[in-house]
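The following pair of complexes shares a single chain, chain A, combined with chain B in the former and chain C in the latter.
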Partner chain A sequence: MAKYKTKGLDCWKRAKELRNRYYKDYKESPSRGGLRWEGGAWSFDAIPQALEGEVHGLSEEPYGASIAHNPELQVRYQEAAEGKWGCARDLCSYMRAYWGSVALNEYAYGGPWPHADFIFQNQICCCHSKWLQVADEIDGGTTPYFCFDVGVGPYDKIGDRQIEYVVAQLYDGIAFIERVTGRKIIEEKLIQNVYNTYRSNCYWAKTCELNQAIPAPLDEKTMFSLYVLGSLEKSNQAIADFYEKELYPEVKDRVANKIAAVADERCRVLGDSQPPWGFLRIYRYLEQYGIVSVANLYTFSLIGWMKVDEKGHLVPYPTLEEQGITIKDRDHALRLLVEGELKGKLMWAPFYGANYKNDLVTKIAKQWRCDAAIIHLNRGCEGTAQHQMQLKIALQEMGVPVMTFEGNMADEREFDEGRVLRLIELFVTETLGLKKVA
Partner chain B sequence: MIEEFKQWYDDRHSYAKEWKKNNLDGKVVGYFCTYVPEEILYAANCLPVRIIGGHEPPTLATPHMFDMWCPFSRDCLSQGLAGNYDYLDGIMIAQCCLHARQAFGAWQLQVPTPWSYYVCMPNAVTTSHAKKFLLGELAEFKKAVEAWVGKKITDADLDRGIDIMNTNRHLMKKVYESRKEDNPPLTGTEAMTLVWASQLMDKREHNVLVEELLRDLPNRELDREPGIRLMIVGSENDDRPFMELVESIGATFVIDDHCTGSRYFWDEIATTGDRLQAIADRYCDRVPCPTKDFQQETWERKRFPHILTLAKEYRVQGVILVQQKFCDPHECDIPSLKRYLEGNEIPCYVLEFEVTVPVGQFRIRIEAFIEQLRADELFD
Partner chain C sequence: MIVAGIDIGGKNVHVVILKDGALAAQGAAATGIQKAEAAERLYEETLRKAGLKRGEVGRVVATGSAGKRVAFADACIADAAADARGVHRLFPSARTVIDIGAEEGRAIKISPEGKVLDFAINEKCAAGTGTFVEAMAIALEISVEEMAAISLKSNTSIPMNAQCAVFGESEVVSLIHQNVEKQDIAKAVHDAIAGRIASVARIVGLEKDIAVIGGMAKNDGFIDSLRKEMAMDIIVPNDPDFVGALGAAEAAAKGVLEEKIAAKVVGQEIVEGEKTS
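This part shows the complex of A and B:
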C-alpha cells in the first residue's frame, strides 16, 4: 500500500491553457493589429506589455525549451543553426534551437517564423545580448533592438546606485519602444503589470516554500510546467492570478492534507540547472525507487523571488501588499520592478561567485530536507551550470551524497540516456541503498 | 631585444617574485580580464599580473570546472591549483565572460590568496549610464584597495597610474604602427610577445624597453620576406607555437584584435577632469570584448568596423579568426564577423583553439588558406 495519498493538480489544465494561449497569441497577434516583441525570461516584460493596444512577447528560453521537448525538432533546428548559419555546436542549446527556427523560417507552433516588431532583451549571461542580435541578423537585420544590463551585483550588494543604473536604462527603453512602435506606454497598465510581476514571482516562491513539507506536494517534473508561465509573461494578469489564486491555494491544501507528489516518497533529492528536456522520463524512473526531486535553485528562482532573512533562511520575497506599498506613479513602478528583480532573483547571485551558489543551494538542501543531490552538468547552459563542481564539493562537505551526470538541456546529441540511467541506478542502489518500491 | 620580452613572458613567475623582493611595500595582484582598471593598482603601488594558462592539459581544474568551460579559463585555474601563482597577494576580476568568472570563483574557494575583489564592470558599455555606474564601482574599488594596502590613493597617485598605463598604450601603438610598412620590422609573434610581457611585468620597466626597441625598429629587418599579410582576431591568444607556425609558412601577422593584443592597449585615457571618471570612460569606450559588444537600436557591433578599419590600414590579405573552444562571446560573433569581413572582400579562416593546438593539422589548413590567398593575388 502506498505511503501517502496522491493525485494530479486540479489547476494543471489551466496551466496548459495559459501556455498554449501565449504561443497562439504571439502567432496571431498581427492579424488583430497587435504588436510582437522578442525578449527573454528575465526581460522586464511589464514595460512592453504596457503599450497601448494588443501586444505579445516571445520569451526566448521557454521557446528553446519547447523545441527541446521534441527531440526530432531540436536536432533539425540545431543542425540548421550550425549548418546554415555556421555557429559552434557548443553554444547555448536554447539559443541554437532558436536560431535554427529563424534560419528555417519555421515557428515551432506552426507556420513561418513570426517576425517581431522590436526586441527588448536583458544582459546578465554572455549569451543574452548576443542571442537576439544574431536572431535578428539571421532574420534580415531590420528589427529595432534594445538590450539593458542587469549585471550590477549580487542581491546583498544592491543599493541605490545599482537600482538607479537599471532604472535609467528602462527609461531609455521606454523612449525606444514608444519611438519604434509609435505607441505610448500606458501608465495605469504599467503599474498593474508591476503589481502582477510581484504577485507572479512572490507567489511562485511561496509555492516552492511549501515543498519543504513531507511528503512534498510537488515534484520537480511538475514544477517545470508551472514556473514556465512566469518565464513567459510574469506581468500578465491571468498568469499572476493563476499563481496567487489557483496554484498556491491548491498546493497549500495538498500540504494540509498530506497529498504527495510521489505516493511512496522516501528519498528527497535536490537538482541543479535545467534537465535534459527530451528525457524527463528519468524523473519517473527515480519515482520507482520512491525518490522525488523536491528542490532546485533554478526551478525556484528562475522567476521566484526569495530573500535571505535575519536568521539566514531562504524565504519568499514579500509581495507589495505585504510590504504595505501602493504604487504611486511610473517612476515608483519602475524602481519597485528593478528592486524586486535585483534583490529577489537569487538565481542571479551565482553570476558573482561560487560562494553565492554554495551558500544558497546548501541552504535549500537543509530547508527542503534533501537526502541527496543529482546534478545535471548541463553543457547547454553556462548561466545555470555555473559553479556546479564547486557546489558538488560543498554539498558533499555537508554530508549530502551527490551524483553528477553530463548532458544537455536541449541537444540530445549530448545526452547518453542509457549511460545516465545506469549511473543513476548505481547511485540509487549502491550509494543511497534504495530498492524499487514493491 | 625581443628576446628579453620573450624571457619575461617565459619567466613571469620568477619576475613577479623578484619584483616583490625589490618592492617590499608593494603587492602583486593577479587579474583575470583586461577590463580590470590597472591604473588604480599602479596608483597603490601594486603590480598587476594577468593570470594566464600554461598551455598544459588543465587536469587539476577538472574537479572544480567541468570541461564545458573554456580551456583557457580551466588552464588558468589549473595553474593556481598547481601553486604556480603562490606569490600573489590578491586576485581580482572585472565582470567579463562567465568562463573567466568560473575560474575566479573556484580560485577564491580553492587557491589560498589573501585578498580578492570583483569589479562589477557594466555590460551596456555604450550607454552613458554605464560610465556613471562604473565611476561608482571604481570609487568603491579604490576604497577597498586603500583599506587593503593601508594607504590613501591621492590624485597624484592616480595621475601616476594613468600615466604609466597611457605611456605603455602610446608606445605599443607606435610599435604596432610600424607593422603597416611593406616589410614590417617585426613579426606578429614578436609584436604580441611584447603585449603578453606588458601584462605580466611592471609597465614602467616595460616602457623603458619598448622605447629602446622603438629606437632600433627603423634599422630592424626581418630575415625573410613578409609573404601574405594576415590579421588574427578572436579569443584570448598567447599561443606562440601557433603564431610561429603560421609565420614560418609564408605569412606575417601584421595586426590583431585580441585582448592579448591590440584590444588591450588601443585606447588611452583622456586625462582631463575627474580622474576616476576618465578611467571609467576609457574602459567603457575601449574596443569592446564581444561579451559587451551590443548597442541600442541595432544588432550591429561596435567592434566590427574597428576590425575592418585595422584590416584596411594594415593592408591585410586574409584574416584568421580563432576561438577558444566553448568561448561563447566569440562563438556568437564569429559567423557574423566572418560574413562582415568577407562582405568587404577580406577572406577569413576559422580555427578552434584548445590549450594545445594540433600543430600538424593546423599547418596543413593554414597552408591551404595561404595558397588560396596567393591564388587570389595572381588574379588581382
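This part shows the complex of A and C:
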C-alpha cells in the first residue's frame, strides 16, 4: 500500500490551455491587427504588454525549451543553426534551437516563422545580448531592436542608484516602442501589468514554499509545466489569476490533506539548473525509488520572487497588496517593477559569485528538507551551470550527498541517457542505500 | 557456493568465478560489437576452465557499460559499485579507487565497508581513457606495451597543450616532426592523462590508500606519471582489469547469502552467528 494519497492537479488542464493560447495568440495576432514582439523570459514584459491594442510577445527561452521537448525537432533545429550559421556547440542551446527555427522558417507551433514587429530585450548574459540580434539577422535584419542593461548587482546590493539606472533605460525603451509601433503605452495597462507581475512572481514563490511540506505536494517535473506560464508573460491577468486563485489554493489544500506528488516519498532531492528537457523521464525513474525532486533554485527563482528574511530564511516576496502599496502613476509602476525584479528574482545572484549561489542553495536544501542533490552539469547554459562544482562541495560539507551528471538542456546529442541512468542507479542504491519501491 | 561476476566494458569483457570465496577461474576477451554474445562465449569458456557446469553456479551478477545486456545474469550492479567491492576485497584499507578503462575514467570514494560514498567521472571525454593511449600509440607507430616501457626511460617533461584526444593526436604528430624522441612523447602522453585523471580524482578527494584499477593500470608508464602527478603512493593489484568482475562476483556472493537469510527468516529459523547484511 502507498505511503501517501496522491492525485493529479485539478488546475493542470487550465495551465495547458493558457500555455497553448499564448503560442497561438503570438502566431495569429496580426490577423486581428495585433502586434508581436520578441524578448527574453527575464524581460520586463509589463512594458510592451502595456501598448494600446492587442500585443503578444514570444519569450526566447521557453520557446527553446518547447523545441527541446521534441528530440527530433531539437536535433533538426540545432543542425540548422550550425549548418547555416556555423555557430559553435558551446553556445546557449536554447539560442541555437531558436536560431534553427528562424533559419528553417518554421514555427514550432505550426506554420512559418512569425516575424516580430520589434525586439525588447534585456542583457542578462552575453548570449541574451546577441541572441535576438542574430535571430533578426537570420530573419532579414529589419526588426527594430532595443536592449537594456540589468547587470547592477545582486539582490542585497540594490539601492536607489541601481533602480534609477534601470528605470532610466526603461523610459528610453518606452520611447523606442512608441516610435517604432506608432502606438502608445497606456498608463492604466502598465499599472495593472505591474500588479499582475507581482502576483505571478510572488504566488509562484508561495507555491514553491509549500513544497517544504512532507510529503511534497508537487514534484519538479510537474513544476516545470507550471512555472513556464510566468516565464511566458508574468504581466498577463489570466496568468496572474491562475497562480493566485487556482494553483496556490489547490497546492495549499494538498498540503493540508497530505496529498503527495509521489505516493511513496521517502527521499527528497534538490536539483540545479534546467533539466535535460528531452529526457524528463529520469524524474519518473527516480520515483521508482520513492525519490521526489522538490527544490531547485532555477525552478523557484526563474519566476518566483523571494527574499532573505531577518532570520536568514528564504521567504516569498510580498505582493504589492500585501505591502499596502497602491501604484500612483507610470513612474511609480516602473520603479516598483524594477525593484521587484532586481531584489526578488534571486536567480540573478549567481551571476555575481559562487558565494551567492552556495548561500541560496544551501538555504534551500535546509528549508526544503532535502536528503540529497542531483546536479545537472548543464552544458547548454553557462549562466545556470556556473559554480556547480563549488556548490557540490558546499552541499557535501553540510552533509548532503551529491551526484552530478553531464547533459544539455536543449541539445540531446549531449545527453547520454543510458550512462546517466547508470549513474543515478549507482547514487541511489549505493550512496543513498535505497531499493526500488515494491 | 559458486558465483560469477561479468564485467562488460567498452572494449573488453571479463569474467571471474569464485568458489566458496576463492578464485576458481577468470577470463578476458574483446567484446566486439556483439557484446552479449561475447559475454556468453567467455562465460562458457571460463566455466570450462574452472571445470564447472552452468547449473552449478548459484548466482551471476553483471556490471559495466553493457552489463544489462547479459540476459542470464541474476542482477546487474553499477560499475563503480563493482569496483568498490572488488577493491575492498583486495585492499580493505583502500578509500579511493581510480578506474581507467577504454572509454571512461572514474574516481570513487569508498567507505571502510566498501560502499560508494562519492564518485566523479570524466564524462564525454576520451582524453582520460585507454582509448586516448591507443590512439597516441598508433600515431607513434608502436604498441601500447612498447609505449609504456619506453616512457619510463624518459626524463624529459613536455607539457601537452591539447586537452582533447583529437587535437592530442595532432600534437603528437607535430612532436614527431620536431624530431622529439618517442620515449619523451610517450611520457608526455602519460603525463597528460595522469593530469586529467588526477583532476577527476581530486573532485572526490585523494584519501589513502589509493587503488588504481582497470586496463590502464597495467600501463607502468602511466602509473609512474600518475604517482608523480598526485605525489602519493598508489596500489595496483595484480590483474587490475579483473577487479570490476571480481566485485560483481562479490556482490553475487552477498546476494546468495541474503537469499539464504531471507529463506531462513521466512521459515522461522534464525541461525546464530549468521551475517545479517
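The definition used in the following text is that the second predicted complex is superposed on the first by the 438 of 438 C-alpha atoms of A that agree within 3 Å, B and C clash if a C-alpha of one lies under 4 Å from a C-alpha of the other, contacts with A are read in each partner's own complex, and residues count from 1 in each chain.
Everything below uses one rule, namely that a residue touches a chain if its C-beta (ideal position, glycine included) is under 8 Å from a C-beta of that chain, and two chains touch if they have at least 3 such contacts.
As the structure is a prediction and not an experimental result, all values here were calculated from the model.
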Partner chain(s) touched by A:E406 [first = chain B, second = chain C, both, neither]: both
First (chain B), second (chain C), both or neither touched by A:L91: first
First, second, both or neither for A:D149, with chain B first and chain C second: first
Touching partner for A:D416 - first (chain B), second (chain C), both, neither: second
Chain A residues touched by each partner, larger count belonging to chain B or chain C: B
Which of chain B and chain C A:A168 touches, first, second, both or neither: first
Touching partner for A:L426 - first (chain B), second (chain C), both, neither: second
First, second, both or neither for A:N20, with chain B first and chain C second: neither
First, second, both or neither for A:M389, with chain B first and chain C second: both
Overlap of the chain B and chain C footprints on chain A, listed as residue numbers: 389, 404, 406
Residues of chain C touching chain A in the complex: 65, 77-81, 84, 115-121, 123-124, 203
For the chain A and chain C complex, residues of the former touching the latter: 389, 392, 396, 401-406, 414, 416, 418-419, 422-423, 425-427, 429-431, 433
Residue ranges of chain A in contact with chain B within the complex: 85-88, 90-92, 123-127, 129-134, 136-137, 141, 143-149, 151-153, 161-162, 165, 168-169, 172, 176, 351-355, 358, 377, 379, 382-383, 385-390, 393, 404, 406
Touching residues (chain side chain B, partner chain A) in the complex: 63-66, 68-69, 95, 97-99, 101-102, 104-106, 108-110, 118, 120, 122-124, 127, 129-130, 132-133, 136, 290-291, 294, 296-301, 323, 325-326, 328-329, 331-336, 338, 352
